[in-house]
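The next block holds one structure in the form of structure tokens; read it before the comments.
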């Protein structure tokens, strides 16, 4: 990583010099709209590269120090002031309409490009450009909630990030106990599925002989994982989180394992929302593991079911659920009080009905756009995995109780069927499932729910 | 570099698997237009990432093995079949015209984007995607000479490469005698200014204590320099190539030097034509050298004057050159026979007049677009350098004789003036020159030549 | 580090093969004396290298699993059975005495070499040979307390380690927050001066802009620091540990500092006792820091005084201390109860007398061998440092209270005087001290104490 | 490698400082015996480490610049002036004789150690210490030819090098076309078996898919291979060099190969003569190749027979060779004129008899010490290989003609027999050979030749 930091230093130095020459005031300049406007216009007009780097740095430094209000002003400015040149666009439209052809279409595409896009590209020249732009979009996503018009600006960010984070640029790295601490602390921070409380727990996730962790990195976001997956090497397909994370468990040698269990996948950068890495990650990790451990034959997840409890609540409230019998719905009322997990009798009663309901949810529930309702299911099924098994009381954490009454799911990546499963899912909307899951919940017509929690 | 190759291997493996599943036929498939069309359409439509990588690889493999004719057919197909969706574009135009606003402008920009662009982005998923696309554009640039309509396709390539080769992604690396041989052989191959005949000569360029070489690399084009510069550390500003490259010269210690001479800058990838690296390269190398060798105070080039001889021929042919006196023009006729360099008397006579003419060319000649005529001058002046000295009989090679009657130029990078020079050049078209050069050729009105050799 | 582990893997593989062929039983073999004897004899006799690696591994594996008693038996065996060949030695003595000459002296040296030494060299062939031998010596040092005869074996270990850990083989590496976690956890574990309680505290020691840490490593003990030093970059010479380690302190930029304070030096490997690294470490770190931060002009320690309290107890018990006045001795009785640090009045009274006594101890106290009594003083003075300042209530930890009544010392490394100070110390036993320290305690005749705590 | 050079820089800096303080005169000091004596005595007596590094550097610098005569004086000084302290040695002998015991034996070993050894250890402190000492021994080996008394000094060098180049410190690295040029040029230079004429030929040895090269390196001799082996991946056991090195041959994919042919092994450092690496190298390369290419089942050499021609000359000169019939001896006279290789009839006649004679030489010829006469055979048989096949006209180079009438040999490393072969060779002096070789030359009683060429 030293090359990268060396490189960062140099960019820094070049920017410093440029800044001095331009008397940009660097650290001390304010972020008032008119100042930012001047800087951005100069950046767009400047043909001098040295001043380009310095100007980009000046804009980003001011943004970093700006108040929330100044930041919103900046975004509004990007929205309103940095669209395409309307006159030129009008002319390009006229030319295209007069003679539609590849050159006039391309000219129209050029003329319709917002000046925002080029501004963002030039901001990327600054030494810390990429990471500041990612953080800038984080802020923008928050603002968008109250100011949906900013969605246009957000689309420009998303467009650029999709190009810059093209899978061809990503590098997969194993994460283990010999990984630099500044990366490991981010694994602790970003773990989104099964919380890592401290360094000892982290160590249990990455150091034992039967544990693996992999992350994607981007050459310009050194030390910042983009997404990571935690893997347990086992001899059976696990049915509960406990058996995977039990601190007292005796590790096995990697060569003894025949299954690789993906039990946690976490996206790290909110600012990259919508740029998809997970599919590539899983497939590359599978290849990587197979190469090192040829005995591995089963690749399977142990995954949460984040939308189950909310769906179930809706199903049991109404009176005519198409997927649940009246009897089941009565029994399920017992699940409302979370104390049931400690009551053996209730556990016994709820086990079959919750399992059936969960299978039903995964097989039949659809979101308003017609897609599979559960976001995690949508992700793995879309990757070509098969819904293999539904696990009762598989995660006793408060969150899993709240979201899924403790249910978890195994999705199986059967290498020779991935392609076919994928096609079945996308072409025909089919949820490929094992026969045992299918037996649990005879497929009705898919049912559309009206909201899905974000993954 | 092993990480990169490891990474390449994995992509390869993933692609292999995908290919097998899809029965794409890999190596054996032909490149007939209809086959390529099918593959490209599938690639654009496919939502499966595994098949995405395999499809991209299939297209690029077929391209690599295709005949010249098949390749032209492919490009024509890109031009004609992969423009924007005309219906959608028409609707977007209508919507924008009905209500011009950021969202409708952005939607118009999206609708006017050619499907080509997305196709090229997806081709980049293949393990060797980037380098094949660069070679593909090399071929395209050749075809364009006969088929100017392909310029539209070329613009799409250029657009993507500008984004992918954003300076923020480039890495500067010193090149020396401990550099891997597979990189060094490319330095030999790509050297475009002063030929490197063999490994011994290469060694003399990169190993001595008073020699440096730097190149930009891109993370996805491992082992492929994009541009490189060769530097001599000296105690004086050299006036001839001979004193720089003399094999018998005694190297000095780097700490003794006070000048860094950039005597050769070579672009390596024809396929990246139009993506500008040189300006960044020089500035970063200056910073790098200053950090390691704080004694360095002079940063200067020893550069060719590729357009001089052609310009001079035109000036002397006509009868009313605004920059040359009739007497000078008479004398210059002697330069037509290259044998003059061995005739002391002729050398004496030609020295002042060639020197004056060269200064005049650099100061006053303009190309049809109004820019400085000489491409190398345009490059360095545009970077903020100053035209410092014109050197007579500075390069005795055949090429330099043909292009510039052996003249060479020193451009000086005076760090504290770069910004001002740059502004003077771009804002007012001013050629900043030392007083000694200015004395040689009193500035007349700029003179427009009708052609400039490519740099 | 991957190369090293790759390399380890290979050695492992080779050893496995050898083991299988030899039916050594690997993991399951016992460590009974006769078994170990056979293995060692075979290892010494074997001319086959493959079996050499396997045999070495077998011996070391059994040692690792052996009971304390078996380990002692093994050491006793090394002592008694693996001396030189007595007959050959007798002949070599006779030959030398008959004709003393370089060849006969050299032959005598060869004949007197114990077979132990060669055995230890061959044990080093095993993949984990070096680290197991270091741990073996740790155990040996413990045994030596009860079995001083084993000192002969220990001397052989020390002899080999001195050669294998020759300073020429050591590599200095900076330790920071980007260092691999498996190295950082060893910094936590080995810190011997100011305890590091957890990862947050570690982070405060290595991450801030004004903190540095450096360690020596050996190519065959990857991930195992041998010795490390913690450095604070400051603008003044600190008088207390508190000001250095205060978690609430605001870091300064490294460029603002003019002093580098070595506030903690810890040896990591008990098994390498007697192999000296500290002197090289400090000097190399000074050079390293000066190169990166040319503004640094002061290099100074903040060091404990581990022998002070014990010495003072002896001085105040007797009735005729040559270094303390009766009045001072009366006052010093107050220091026996550690509660004094919270009693302002006592603090006031003790400050001058403890400071004087400490200066007196450092300047005048000698150990039975005539050396400076305090081991830390001996180390830094021996390196050429100057005793610069004695600091009252500089470390409020329990340990520092117990060992030194809270006193600490600054030793100054004045680069242009190191050599002269070093000579003064070794040639004339002189304690080079600042005039202010010398004023505190007029030098009497050096006083020999009868015991020194180990450093 | 940058870490190493960084490290070298630091040592350099430290040494510079020390040198200045000591006024050692560095570059300008002479190498007169009395000066060297003073420096060496100071180095041995000095307890100051900073001056230790500087002194070591001063001695080595002067050695490097010394004349041949001064160098011989220096070695003579080492021989005569730096033996053990005779008085102390006499006392240690007396103490041992009075009471032979581990401590007195160890004390004797210590007292008999020459001061030379410690001096050489301290010279190793200098930044370039190790490599200068290796070159120093190169010179010493040359001197020894005329001054056999220097053998005592040489033994001390050999003793230290054996410890410092313990196999545990060596690192195996693949050599390929991406290896740094400064390492590759050493492969060209050191290739001792089949000359590499230029960079193109080197490239053919290391770049094709069916070629491999591996070298051992030592951490303190960066960029200096110690020994390397060139490997061809093939589908058959080759019988001639031509088929291996043919520039026109079509490379196969590595995965198609089932045999790895070691066709060239070269030691690189004359100064390390007697320190054995080859055995370890071959075994580790075998393991490495098997891991990467599990299809490989045959590991075999194509080796020269350097002693054959000389042996044959002796056998045919005398009149009663025990291994050759009179008829054969008559025929073999034809081989004296090298022109026979172009005379088909002679080739036909010589083929059976040369083949038989070569088998006989390898199976039966012994050197005066009773070992197998041919040094290459001794090496591979000692490693546990089997003499597999004798190849007629296998190397048409002048050297091979001169040394072996063009004969070459395949030695087979049959993994499961290596240990047994090794034991047979060392314990019973048995030359393990294939039945086809044994049939060629019924084993007579081994025959002792009186000289062997150096390997």
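Every chain is named by a letter (A, B, C and D) in the order it is written, and numbering of its residues begins at 1.
To be clear about the criterion, a residue touches a chain if its C-beta (ideal position, glycine included) is under 8 Å from a C-beta of that chain, and two chains touch if they have at least 3 such contacts.
Only a predicted model underlies this, so the values are computations on that prediction, with no experimental measurement involved.
A.B. asks: Give the fewest steps needed to get from chain B to chain C, where each step moves from one chain to a chain it touches.
C.D. replies: Minimal hop count between chain B and chain C: 2.
A.B. asks: What is the chain whose Cα centroid lies farthest from the Cα centroid of chain B?
C.D. replies: Using the mean of the C-alpha atoms as each chain's centre, the farthest one from chain B is C.
A.B. asks: Roughly how far apart in rotation are chain A and chain D when fitted on CA atoms, stated in degrees to the nearest 5?
C.D. replies: So the angle, rounded to a multiple of 5, is 180 degrees.
A.B. asks: Roughly how far is chain A from chain D, going centre to centre by Cα mean, in whole Å?
C.D. replies: Taking the average C-alpha coordinate of chain A and of chain D, the gap between them is 58 Å.
A.B. asks: List the centre-to-centre spacing of chain A and chain C in whole Å, with centres computed as mean CA coordinates.
C.D. replies: About 49 Å separates the centre of chain A from that of chain C.
A.B. asks: Could you state the distance in Å from the CA-based centre of chain A to that of chain B?
C.D. replies: So the centre of chain A lies 39 Å away from the centre of chain B.
A.B. asks: I need the residues of chain B touching at least two other chains; which ones are they?
C.D. replies: Residues: none.
A.B. asks: Give the pairs of chains that touch; include all such pairs.
C.D. replies: A-B, A-C, B-D, C-D
A.B. asks: Can you check the complex and tell me which residues of chain C touch chain A?
C.D. replies: 1, 177-184, 198-199, 203, 223
A.B. asks: Applying the document's contact rule, which stretches of chain C touch chain D when the two form their complex?
C.D. replies: Within the complex, chain C contacts chain D at residues 3, 7, 10, 13-14, 17-18, 21-22, 47-51, 79-80, 83-84, 86, 89, 93, 96-97, 100, 102-103, 105-106, 108-109, 112-114, 121, 124-125, 129-130, 149, 151-152, 155-156, 160, 163-164, 166-169, 171-173, 219-220, 279-280, 283-284, 287-288, 291, 382-384, 415-416, 418-419, 422-423, 426.
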